[in-house]
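Submitted below is the structure of interest, expressed as structure tokens.
Here the chain labels run A, B, C, D and E in written order, and each chain numbers its own residues starting at 1.
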Amino acid sequence: MSNILEDNHLKAKYVIIGNSAAGLSCAEGIRSGDKKAKIMILTNEKFDNYSKPLISYFLAGKIDLKNIFFKDHDFYKKHSLTLLKDFNVKKINFRNKEILSWDDKKVIYEKLCIAAGGVPIIPQVELAFLSEKEEPGNNSNDSHIKHGRSGIKSRIISEIDIKNIDGIFTFTTMDDSLKIKKYVTANKIKESVILGGGLIGLKSAESLLSLGIRINIIEMSGRLLPSSFDKTASEIYEKAFRDKKSSVSVNKTIKRVYIKNNKVVAVETGDGKVIYTDMLVIAAGVKPNIDFIDEETEERKNLVFLRGIKTDKYMRTEVRDVFAAGDIVENKNVLKNSIENIAIWPLAVRQGMAAGQNMAGFFKEYSGGFPMNSVEIFDIPGVAIGITNPDNFDKKHLEIITDYNRDLNVYKKIVIFENKIIGVLLIGNIERAGIFSGLITNKVNVGKIKDLLLKDDFGVIQLPAEYKKHLVTGDAVAL
Amino acid sequence: MADSFLKSFKNIIKKSKNGFIINAENIAYKDLNRIIRELVKNDKDHTYFSEDSGRSEIIEIQKVLGQRYIGDGIQENIKIVLKGTPGNDLAAFMDGPQIEIFGNAQDASGNTMNSGKIIIHGNAGDITGYSMRGGEIYVRNDVGYRSGIHMKSYREKFPVIVIGGRAGDFLGEYMAGGIVIVLGLNTNDFCRSNSFIFKKNEAVGNFVGTGMHGGVIYIYGDIFENKLGKEIIKSELEGSDKAVLEKYISNYFNYFSLHYNLDYNKFIKLEPYSKRPYGNLYAY
Amino acid sequence: MALKLNQSEFEIHRDEQKCISCQVCVRQCSNDVHEYDEDNESIISDNIKCVGCQRCETLCPTGAIRIKQRESEFKYNYNWSPGHLKNIYKQAETGGVILTGMGSDKPYTIYWDHILFNASQVTNPSIDPLREPMEIKTFIGRKPDKIDLYKSSGKNMKNPVFLTNLGPQLEAEIPVLFSAMSYGSISLNAVKSISRAAYEFGTFYNTGEGGLHKDLKKYSESTIVQVASGRFGVDKDYLNSGAAIEIKIGQGAKPGIGGHLPGEKVNYEVSTTRMIPEGADAISPAPHHDIYSIEDLAQLISALKEATEYKKPVGVKVSAVHNIAPIASGIVRAGADFISIDGFRGGTGAAPQVIRDNVGIPIELALASVDIRLREEGIRHNISLLVAGSIRSSSDVIKAIALGADAVYIGTAALLALGCHLCQKCYTSKCNWGIATQDPYLTKRLNPEIGARRLYNLLTAWAHEIKEMLGGAGINAIESLRGNREHLRGIGLSEKELSILGIKHAGEAW
Amino acid sequence: MNLNLKYKSGYRVPSGCAVFGVINESGRVFNGEMVINAISMMHDRSNGLGGGFAAYGIYPEFKDYYALHLFFDDSLARKETEVFFQKVFKIKYAEDIETGKNNNIKNPPIIARYFVVPKNIITVSEELKELDINNESDYKSAEEEFMARFVTDFNYGSNNAFIISSGKNMGVFKGVGYPEDIGHFYKLDNYKGYLWTSHGRFPTNSTGWWGGAHPFGFLNWSVVHNGEISSYGTNKRFVNDYGYKCSFSTDTEVLTYLFDLLVRKHNISIYLINYILASPLWSDIELFPEEIRDIFKTLRIIYSRALVNGPFSIIVGNQDYMYALNDRIKLRPLVAAKNKDYSFVSSEESSIRKVCPSPDRVWFPDGGEPVLFLLNKKGKKPEIEHSPVEYLNEYFSSNMCKDKQKVV
Amino acid sequence: MQGRLGKVKKIFIREEFCIACRLCEIYCQVEHSKSKKILKAFKEEKDLISRVLVEEVGFNSFAIQCRHCSEALCVEACISGAMIKNKNTGIVICDENKCVGCWMCIMACPYGVIKRNISEKKVASKCDLCGDEEYPVCVKNCPNEALQLRDI
């Protein structure tokens, strides 16, 4: 496939930017309707495909390179897909339907799906470059940057710094994972700071922990996984971290990172505490990867709603023949009835599939989604579905029922709004979590079974009759 | 002993151009059959009958009436010509000869026959070809009930019955191999004035092929579905079927000097669903 | 609580090597025999609660359980059998009548087992039922003495006038019908199984006195609706919903005794079907209180015929009692179209043991004597005779028909096909096989699709066997066997018994 | 003792046999030589334990009298019988039946015939008093009924004398021996009849006895039969229920009573009899045209006990016709032939050809398909009522039968 | 009962006939054990997991296992490509070699019929319709045909 790269002008009926969940689903979606036309997939990476969520498992050594691919090796061949690797999109000329790369390759499309995913958010952290003799944190205070001190060089961190300075990493790509792996192995790293207690933070923490590295998580908000967890849930994991001689610091930020000899040596938190560390993982979240869409253009304005690309229910954007799917997209949150970016794998797949089918001419609706995530750290599985922290809901119709068994480390929280479940948080026992996502998706009235929801033997059988019938006889039945 | 036996019948045995002529009037079947056997044994040259070579040594029996078991158990390839009405069990256990009857045959002709040929210029009675294992039977006109019952092929043996007229009920009952062909053409027994029983104007009676688990029945013209035994399936001819039919039907036409213009597309073919129709009958 | 003197009837053997503590037995026993001990992760079984239904044994996936009749429970005494002792202990404790279920298990002579059937050899050919036609279709209903086919005069020769009015007939594809078992005494799923099997096979089932559940109306052409003394569920619709009507006078297991369905079995569905209040006892009086004599029976028969416009055969079911022959004669003369006679080994959901085991006569003798008596009176051919009371196999059927029956009813055999293991505890309503119970947890265990299939299979198998035996005897229509006692021989029977049965002894030629 | 009691006391004697029958439909009479010739061809089908003949039209001079043929054990029995007969009958003529000497015929009984009419039946029979007799035809029926009861009662009650033949202008000649010997023993070449049936017997289970030989004669009926009836018990009880007493314990006796009951007493057309004795299968009945299906269904249901099961071929003689029938799945052979006004039925074709070498037509009746040859008395067929069968025949002949391709 | 013969077949749940004996669970555990022998599996192996689940409330009960949905949410949610729906047979299978135990599928499945198997490597454990068997063992061993394998 690599020889294709030598061709400067490439054409395909369908072009997909992005080679992950959404992109490949999109390709499958197209193929389900159009068996023949050329499909070209552009990726800025050098791998065939790999599952981004798996990079933490790879880092932890739980899976090898062979298994990090979520599509088989013959996937491209089977679906006659042309994959252009190392294709870094510089800009898209929507009027001419051209995609240009930084190395001046050009791809011409008839229909385009942008599934370029997300990129890490880099927070405004100061980098302090220490000389050999300087030590981090001495007399440090908030005015440090402004006034300077004995000539310490400092600046706000940039993407280039992450690439160039040893020990600072983001953690969203295979490259990141490989780099970290190489770094920790080569330097026999024992101590690490993770900036951010969100999903990426936790995942990277778990991986590093399993490599025998102590973790210091610095989370800006009051709890881990702030979008999904509540304080109780967070504390279960915080305790688990502490048990592993790691630390979790909530309501804290990192204001400064100390670099010596182009290498991270310590971080200083917002309250002035210095934490010596060999490495720093910046896990402050991701944002839609829309940088290659020229900010000046008309199209950019049409495409982008808040942070990502807005699509309709057919995954069409405002620009003709341009579709989008995956973490780059802003679409409906069915629970809030709002438009937002929900960057989770299942929705990426679903959107990609819908986009692909619509590109091939079939009307396939994507009806929106809601966030959900599962983690398992220190053998404690946790699942958060929907709105687990219902801040903006009318309290009158809101019920939150919880059950916390400290001995077993089992915590259940169910958020009910107007007799319908809108959020579920399960820690410790997640066995039948999916039933709740079903109830949420299908907006099932649980008014009569509220008492049963938290029971250990809660299952399909207790569900309201009609919905149960749908389930039991549901997909598999025509009685 | 044998010679003296034959001598005692010298008045009724005459040498003919190519064999013997026997006048069987009022001769008991035991005597008649022994005469035939002795004549066969005496033929030391074994210049037996062969249809292909045209050579023939023929024992012709005239005025046959009711004598049973003619040809029973004979293994040599002689030809016997019968004029009259032979009795039951004609050619039972026969293993070689060709018997040609100018007249009707009674019941159980070709019973458990191993090889040879029976050509009947008339009708044949019930259970014609019972348990026949090999050889061929040609009946110019009709046959009675249960013709071809339990006939079966075995290794190189392959029994064939060709019926020019109509066959009674239970044709090919239990049939396990071989071929039965019913033409339904040359019948003298079709619309019977005395018949009260509901019979469609068809070449075969009821319960065709009941219990059949091998072999093929070909019938000229379609038949009423209700007549089919529950173990068989009706289908149309394939190319190879036509070749088989042509072979035996041309024999039939030759033997009886007949000719019909047959439309081979009008044949139906009956075959069993299974070699083991009763596989599920028993509880173990 | 005073000491109970009765010991357990069964021993539960659990092979610990095989027991995997899966608890299927625990979950399946409605008598709470088995209990899971969490501490030991093992199962403990209580012999005394066991009724010997073998549900656990049957379902145990490793074959770890064996239920054995408990031996030497009492000191041996020929006269005072364990049965007597147990009953006395129980009665001494409770002061009650000993109840039991299913037919009598006492060792009276079973005449079926002393009768042998005939086959052809040489003088006539046996007939191969698989290949040759073999007819076992049976018509049940009243038949006239002779036929008057057409008018002897009249000019319209093209349209002969058919004079004989045959009267309504039940057309059964096999001379085997399912006998009366009411919804209430058995579960709806059991009735569904039976009715569906009857419908699909082309025979009949009998509602018993339980009324006709709405789900069974679709099988009405295969239904015999029963009118018993309690008249449960009987209305004009009910009468018209069946193919025939049977007036129940008596039941073989409990001649002269009424019935009693306890209120706890009368749930919503049963109450609707029987048209009685929910939870109320359903009591069938011993006699019909409009029948105190034979002429009253005639009156009821006529009333039912009037109500159904003479479109359905009306029969009468009686127990086989000592003077059954004249009783049967009276029933024929009262205008019944068929008589059902239930022998003393007939089954029941609940009967006083003392009645069940001591009242009535065996069906074989009743049948023979009724057939002869009706024949002597020249009225046998007018009526169809159905017999019941422990028909256990196709050979019993064949023998019954050769003795003179038109058809048989099977009850216990049908329940066995549904899984019954004859534990005889029907009256407890805890039937572990989901048959004699209304407990929804238990009735679920009988899937009527499986039940109907099993019954259909049973009839199919019996039909094959009946045909085999008929064919062996050189007969190709069941009517040629009816009353053909020449094909029967007794074995090990006294002259008197042979004479009542009207058959020769084995070894005697024609 | 020829009339050994034990054969009478409920022992049934099944048998395999040869049957033959011939009728001249124009009513021309011919002597018994032909039928002896024919039946002798089937010598091997019998074993010398029974043979017999029935002949119609043999007693024209006594045609209005019942010709009773009797076997007596001894002269005492004969004496007693004759005294009894004197009371009941007006005896027109009586004689020993002439027999010839035949070495193969052993121990014949005393054989005699009586031409009789009953004295006033109203006075002799209490039972018949109840009958409603208004005219000659009623009286004729009543007289037949009287004779029927008399004959069955006589045979049932007697141990040493039997009436073997009781019709008018007909007679049964039978005994223990091969049929050809019996024929010569009775000198049948001296008799001339228009309808002859004959029987060669191969009884099993017992030695033959004179009374058990065939044909079975009862009133004008004579029946010869080949095969064993599996439904014997059922059929016997059926005729028993209608007052027939079975004295001879043979299938043939029961068959005869079935014909008498159905045709004479129940007035069922001879055209319908096969639908009872060899009923069509239920599956065939379903195929009948709807208009008459019920009739056949009813017929079978009511007369289910008259279904004759097991292998049989029978030839029934009557003053008006010769009737032959096979069981419905044809387990016994039957061949029919016609040559001008002679018609034949036989177990084997060779017997027919023996007496009629080239008949116009030879055919095998199907199982349950009757063969009926009517006597054409003075150009007048016997009165047979219109029946569903004619309708059926018409239906099928118009719908089904079309000429086949002709021989080239 | 008819065999699979490559057709798309599914297990139908018939609640009205489930008798809560749980034999389906027992046989499922055996089928997915190492030895596949009931005594050996139960006596010697640990952490047997049933992929069919009997739910019971009062006399109501049924056994539920993977519905092999036409649009399977578990497949959609799977981040490792372990959960695959075979387009020919319709069967959804979790490739335990690829599964990393992220439990996204458990979270997605509205029937709640995927289980955590943490006995060795963490993997999602679910009904595979007993791949090689003519009938899934739960269907084969249901004494009351409350589970039926039928064509779609």
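Heads up, the rule we're going with is that a residue touches a chain if its C-beta (ideal position, glycine included) is under 8 Å from a C-beta of that chain, and two chains touch if they have at least 3 such contacts.
It should be emphasised that the depicted structure is a prediction, and the values quoted were computed from it without experimental measurement.
Novice: Which chains end up grouped together through touches if subunit C is skipped?
Specialist: A, E | B, D
Novice: Taking each chain's centre as the mean of its C-alpha atoms, which one ends up farthest from the centre of subunit B?
Specialist: The most remote chain is A.
Novice: Looking at C-alpha means, what's the farthest chain from subunit D?
Specialist: A
Novice: Could you compare the number of C-beta pairs in contact for C-E with that for C-D and name the larger?
Specialist: C-D
Novice: Provide the C-alpha centroid distance between subunit C and subunit D, rounded to the nearest whole angstrom.
Specialist: Centre-to-centre distance between subunit C and subunit D: 46 Å.
Novice: Taking each chain's centre as the mean position of its Cα atoms, how many Å separate subunit B from subunit C?
Specialist: Inter-chain centre distance comes to 54 Å.
Novice: How far is the middle of subunit B from the middle of subunit E, if each middle is the mean of its Cα atoms, in Å?
Specialist: One centre to the other, that is 63 Å.
Novice: Starting from the mean Cα coordinates of subunit A and subunit D, work out the distance between those two points in Å.
Specialist: 105
Novice: Can you list the residues of subunit B that touch 2 or more other chains?
Specialist: Only 170 qualify.
Novice: When you check subunit D against every other chain, which residues touch at least two of them?
Specialist: 283, 329
Novice: Show me, using the given definition of touch, all chain pairs that touch one another.
Specialist: Every pair of chains meeting the touch criterion: A-E, B-C, B-D, C-D, C-E.
Novice: Which of the residues in subunit A come into contact with subunit E in the complex?
Specialist: Counting only subunit A, the residues touching subunit E are 21, 51, 53-54, 57, 62-63, 67, 69-72, 345-346, 349-350, 353, 372-374, 376, 379, 381, 383, 385, 430-435, 437-439, 441-442, 457, 459-462, 471-477, 479.
Novice: Which subunit C residues qualify as touching subunit D in the complex?
Specialist: 120, 122-125, 127, 132-133, 135, 137, 139, 143-144, 146-147, 149-150, 152, 157-158, 160, 162, 164, 166, 169, 375, 378, 380-381, 402, 473-477, 479-487, 509-510
Novice: What part of subunit B is in contact with subunit D in the complex they form?
Specialist: Touching subunit D: residues 65-66, 68, 84-88, 104, 106-107, 123, 125-126, 142, 144-145, 168-170, 184-192, 194-201, 205-206, 226, 258-261 of subunit B.
Novice: In their complex, what parts of subunit D are in touch with subunit C?
Specialist: On the subunit D side, the touching residues are 11-16, 204-205, 227-238, 240-241, 249, 265-269, 272, 279, 281-283, 294-295, 298-299, 301-305, 307-311, 328-329, 331, 385-388, 391.
Novice: Give every residue of subunit B touching subunit C within the complex, in rising order.
Specialist: Those residues of subunit B that touch subunit C are 170, 173-174, 207, 210-211, 229, 278, 281, 283.
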